[in-house]
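There are two complexes below, and they share chain A, which is joined by chain B in the first and by chain C in the second.
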Partner chain A sequence: MAEATAPKPSSSVKLVLLGEAAVGKSSLVLRFVNNDFQENKEPTIGAAFLTQKCNLPTRTIKFEIWDTAGQERFASLAPMYYRNAQSALVVYDLTKPTSLIKAKHWVAELQRQASPGIVIALVGNKLDLTNESSGSGNALGEDSETDAAEGENDDGDARKVSTAEAKTYAEEEGLLFFETSAKNGTNVTEVFTAIANAIPETSLKGARGPGATQSSANRTEDQSRVNLTGPRDSASKEGCAC
Partner chain B sequence: MRHSSDQRKSHSHDRLYAPIDTAPTATAAKEDGITATMTYDGENEAPKHRTHADSDESMATITPQEDDGTTLEGHEQRPALPPRPSLLGDRPTTPLSPRKRPALQSKPTTAVSSVDIQTLSFPDGSRGTFPTPGSRSVSEAGHGISGGTSTPSSRKVSQNGSEFDDSTSLMSYTPTLRANGDLASLLDEGLNSQSPAWKLLSSQADNVNLFETIDYEDNALLNFDQEFDEVEAVDSKGGNEEQVLLLWKAKLKHYLILSSAGKPIYSRHGDQNLINGYIGIIQTIISFFQDAKDPLMGFTAGGTRFVVLIEGPLYFVAISKLGESDSQLRAQLEALYMQILSTLTLPTLTQLFTNRPNTDLRRPLEGTETLLSSLADTFTKGSPSALLSALECLKIRKSQRHTINNTLLKARTEKLLYGLVVAGGRLVSVIRPKRHSLHPSDLSLIFNMLFEAGSVKAGGGENWIPVCLPGFNKTGYLYMYVSFINAHDGEESSSDQRPSTAGSSPEDEIAILLISTDKESFYELKQMRDDVVAQLESNGSMGIIKAAVRQGRPSTADIVPGTQLRHFLYKSRANVQFMMPSLSPDFSSPLARRKLMSLYHNLHASTHAKHSHVKVLHCVARDSNSLVWTTPLFEFYCIAGPNTSRAGLTHGANKVIQWVKREEERVFIIGGAVF
Partner chain C sequence: MESLSETKWDVVIEGTGLQHSLLALALSRSDKKILHVDQNEYYGAAEAAFSLQEVDGWVERTKGCSDGAPFRNATLWKADDDESTNSEKLAFSRSYTLTLSPQIIYTKSKLLALLVSSKVYRQLEFQAVGNWWLYNEVDEELLKRLPNGREDIFQDKSIDNRAKRSLMKFLKFIVDFENQTGIWEAYGDSSLQEFLSSQFQLPPRLQLVIAALTLSFDSPDKTTVRWALPRIARHLTSMGIFGPGFSAVVPKWGGGAEIAQVACRAGAVGGGVYVLGTDVENSQTIESTEEEMLEQKFSLSLSNGETVTTRHYINTKDPTASDGIVVSRIIAVISSPLLPIFASSTEGSPLAAVSVVVFPPNSFSQDGVSLTHPVYIMIHSSETGECPVGQCVLYASTRYFENSKVVLEATISKFLEAVKDNVKLLYTLYYEQQQVTATSSLDLAFDDQILDNVEEQWKAVSGYGDDEEHPPFMQFADREGMNADDDNDDGY
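What follows is the complex of A and B.
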């Protein structure tokens, strides 16, 4: 245990990362959890489950993160990961327009299938590959470090998705929006902090022990005793051979 | 030095003709009853079914239905203790007790006397090979695979070896006439020690050391250092094409996967632009033979052997300059196919191609290229486990293993199918349902994913991985919970402790694997993992596992103090498990390891070739001295320095085998836990 969190209330928040393969989902998690980056990260196989605490002034949020593989053949497994999630990070690569299209599909699917109250953040990753290389995260007005440039810009700007386009879309859909770089860390903690802040107080409860659930879906933060075969089993039968 | 170029010519000559040679005089089937068919179908009638020369060893057949039994299945029929009483109970301490050696009762079918061999092999003090018809089946396996004029010296080892196999197989029945023969007397020193070559060998300076130098003739392995370097992409203007092509061609090993429609699926080296042309050529060649209903199995071009495996809509091609036998290469291709099935399942694969014969499989396989590549590289580096189709276990005391088994059994949840503890690719403990065995080929896919490919480990946390285990069931997925514990982590006490594994060697990783048929069972299995780890901590087992991992494999000298053996492989056939000592100090470098493995491959090929009835084979080469000995119970391979006497070698072999027998229940998992 890294720190004594006794005085502050602590709650678990399930978070799922979705998005096309190779946009940087795992890299964002690695940056957030280990403050590390790997240049040639091997593709995720299946899904990885990680936890990381996020300290807010009034409480501690323990993120329980599902980092999924973006490959198509795993698509049928996705519902299992987002079904009980209170938050989702939908990631695209801002040097690759098709990845934004894919991200929009995920947003739509979440809005249709996931818990009604789910907090969704749209994240354009690989900001370091653009000229500006500055955080344009603004959902919570946290744009203090406008000159976070690490000085590795040559003149080439690989950006293919404009901030305005993605931001407009995010506002229409009521999503948090950030542009990040897992590589140099720009805006990564900010995304998670913003999500933590955006989770309605009412849907939080203690990290351990079954608390009262007042929110919509079948929230089962108590990791140890979750009954996944219970309600909302819609997609659990197929997917065994696809 | 002792190999004139003449002799090399005669080698390739021999190799060239071996395939179409008449079958050797040896007609006796192997004692296990498996008769293999030709793999060179070009010159023969097309086989109705594909059979591996050593199909008794191929992964596919290590299923519970087979005699061999699975690691675990075998135990079901037998009480856990005492182990295999029927096989061991009445065996006296000498491993070569005549009563228990039905294998060696087989008639000596090689008509050549050892004297003939000597005069043939050492006409002028050189050690050329002029295999007699009787040894042809062996030499085919030894040579038929690698080729040409630039021959790795390891290959010569096998050729030299094939001289001896005649004498040894001839000799092999001798001890059955004697009471209590042991290996040393079996390989009577007196027989060959008079030959000029032996005199030459023993007069050689003592400073020749095992694999110490790269032989100038050994140019096949000269580029081994760069074997795993990436071949850069051909740039759009094609300016670097020539240079890239040179690099590509310098690779000792290629694996290509394509669809029968000619779409590239996977290539270990080289990008799209580079390989497309070759894919086209290969597709044309293979399809030509396919259309003629006479499937192409392999061919040789220069010093390179091409082996083809056709599985439904997929063509697999191995291109090797490393000198493996066809059946060894085919087993490697088979493993790549299993990896693809493991990603997609058979019905999905079939359906994709039924719907669209022109399917580009790269997309459905996206993200698993690393798994194919790490498998391929494992083969290229040389893997005892792949060669022997057997698993390795972590050596711990029987009672300690028992405790770990029970811990797993006690924490078992409803949803669990298989539970395993694996340390650096070595099995520590397995629990499984009574009715289901675990297939070594499935486990090797899992181990590749977890310990070689790094994808899973690099993720850091816990993992939930849909995986099809073809040996278990080709048609659907299982779901695998995986978490790692680092053996160097002292304070692994709380279940929250999931250390980042960056930078540590895979050998040091301990994985808890819990496999279920239910894709929703992650949290249940996670809970089981937490319980298991807590329990292993509190009963001291975790400390024992970590200590065993940190200690590593014992060295050969630890096992038999003072022995001249440098390395060995011992495969327990009944358990489908093998044991080997540490690769250091002699074989820690990738090149030395590859040379060692090439030697093992040759020994293996010689004793597993079709119609091969060789039970004991002693090979002398410029840089090593080696011995293989197979019985129904075990296969034993060992290597010593070039100046080791035969007596020294056999003495060491006997000592090791005695040691393994004594330590059997620590070295192998015998009687795994079932529920």
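What follows is the complex of A and C.
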């Protein structure tokens, strides 16, 4: 962090990862947080909880990223994910149509159970398995290729979900939409930046719950936060250790 | 979906209340095969926290429960909201997180140290329990803030100098009471009221102030010295540990329910399997013959039809747990932020998210209603994330007796009159709660005894004998991939 600049307002945002097993949820986060990728990564048991800051021009968003802990099969961790989440990354594998069906299921669950203001990004991962060089995302404008061929091409394109199909769905549901490759990094940072930008400023003032949308002005975040590890009297000065 | 019965479990834990969730956390690095089930579709058991819609469902389910259930007589009331403005009516269901067992955690509690050493504290946010208030109709000022320290006492003009000296003497004693058994041991079973009066000459008003800090459900003349002193000392010595002006904290977003979920999550991350909506219906001990010393000692029939075997079975049933106490509670949502209640009185203290109002016994009497027991109201501001901005959630508790519902309602009315803020009551949930399991606690402050229970269970499941060396309890390194220090990490 640049020492010389005045500190920007910083806010914590809980982001949950949802999607079918093996679509690359943890890989996306690994790419985002460590700019790293592991081939044949083991199913997640443990990545759990990571944090990463995202610097926007006027504020800093600190993502608290909740990975799934690999328990999709009982869906038993879902209730704790939904609670107080301000953003969600719903991931499907664009080479696997059933994973989009699953993603739609998660989106419906989020709309039913999560905070009403939640920012949801639908992400088609594994763009590297198609023969397109760059993916589509709503941040890239409307002119991107929207009618990729269905099914596997002769030239090794493994895409099974067309950009148009997923994008239309995302637009209907009011979701951010990106196609990414965790493997070579395409669009990964863009997803998180887009989410950060989409989080309404009003929901950031210290409260991430649905009740916070009309929070009082000019309050620094974390004014009420008690720091269990820091020096005694710095409890209200977030970020002073930087 | 693979079957649960294919695994030979090391331990099956039943219920995701705070204690059992902390056990899951303690075992999360043990590489044991852990199955954690809960009969409910939500985490937290008696410590659960709900949206309004979830409360509706809970109230319905509670009606069908038998006498042995932890909750009974739940009744809901909602204000008509026809002509009200926005802040004066209930917002949508999920704007609220109402917790069934409101508890504060003293800053000295070992729980906080363990949440830090086990690294899960990063997923929690703690807020200060700021001002404590005493309701008293003798004064013009109905609500009086309890002194936060010596300076406050010196400056308090309502306390005469003699009483101040007595109070100072008591405060000096209490922080070191464990080494001063000569002063109190003989009075251990006497009442707190008598002790404060005879040994420290504290006037009745100040007796009430001291008694308020115990959070006792009994009146000061029924609260024993032996029970009260450690609690008073805990309050006073917790002051200032994590910052000036407060001695206790609460987790944001629903108190104990948050800790339970974060702890269960740690269990899941460690490989534990979580199944909600599933109960252990029947348990049988497996007899092992001499030839084959079976490791699996229990056979459990689950409500989903599966039968699993396990070496250890941690259940919620404990017939010895019930000490007969039943507590009546009202959770109320009101149409005011009650800013004066939360206003900071100590320089540099964090913004208080919770404030405690104590109504001592006999502090008012009205329409034939009088307080035979103390009533405590924990006021949660919207900072807690439990309600929308502009509103507050009140958690009122008292010992259950015949008309405790009427008493709680009257107490809330008295409180709202005293704050003179033209406050509207929007929602109340009344219920009675009894301690039927070892794993829930009616106490208004987190009881560290729970941690001793967890440590015992952790040792038993891990196979650590009493005198054996074993890894320290709940002290974990950061998991791989974690940012070692999330407060110092750089942006990309």
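Everything that follows uses one rule, which is that the second predicted complex is superposed on the first by the 175 of 242 C-alpha atoms of A that agree within 3 Å, B and C clash if a C-alpha of one lies under 4 Å from a C-alpha of the other, contacts with A are read in each partner's own complex, and residues count from 1 in each chain.
The rule is short, and it goes like this: a contact is a pair of C-beta atoms (placed from the backbone, for glycine too) under 8 Å apart; a residue touches a chain by one contact, two chains touch by 3 or more.
Quantities reported herein were computed from a predicted structural model and do not represent experimental measurements.
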{"item": "Which superposed partner A:A21 touches (first chain B, second chain C, both, neither)", "value": "first"}
{"item": "Chain B versus chain C as contact partner of A:A198, first or second or both or neither", "value": "neither"}
{"item": "Partner chain(s) touched by A:Q38 [first = chain B, second = chain C, both, neither]", "value": "first"}
{"item": "Chain C versus chain B, contacts on chain A by residue", "value": "C"}
{"item": "Touched partner set for A:A158, first chain B, second chain C, both or neither", "value": "neither"}
{"item": "Partner chain(s) touched by A:L56 [first = chain B, second = chain C, both, neither]", "value": "neither"}
{"item": "Contacts of A:L77 with chain B and chain C, given as first, second, both or neither", "value": "both"}
{"item": "Contacts of A:L30 with chain B and chain C, given as first, second, both or neither", "value": "both"}
{"item": "Touching both chain B and chain C, residues of chain A", "value": "1, 30, 33-34, 45-51, 69, 71, 73-74, 77, 80, 223-226, 228-229, 233, 236, 239, 241-242"}
{"item": "Complex interface listing, chain B residues touching chain A", "value": "343-345, 347-348, 363-364, 366-368, 370-371, 449, 453-456, 458-467, 475-477, 480, 494, 496, 498, 500, 502, 518-524, 526-527, 530"}
{"item": "Of all residues in chain A, those that touch chain C in their complex", "value": "1, 12, 30, 33-35, 45-55, 60, 62, 64, 66, 69, 71, 73-74, 76-77, 79-80, 83-84, 113-116, 189, 206-216, 223-230, 232-233, 235-236, 239, 241-242"}
{"item": "Residue numbers on chain C that touch chain A, as the complex places them", "value": "1-2, 41-43, 91-92, 94-97, 112, 115-116, 121-123, 125-128, 240-244, 246, 249, 253-254, 261, 264-266, 268-271, 273-276, 348, 350-353, 382-383, 385-391, 479-483, 486-492"}
{"item": "In the complex, chain A residues that touch chain B", "value": "1, 21, 26, 30, 33-34, 36, 38, 41-51, 65, 67, 69, 71-74, 77, 80, 223-226, 228-229, 233, 236, 239-242"}
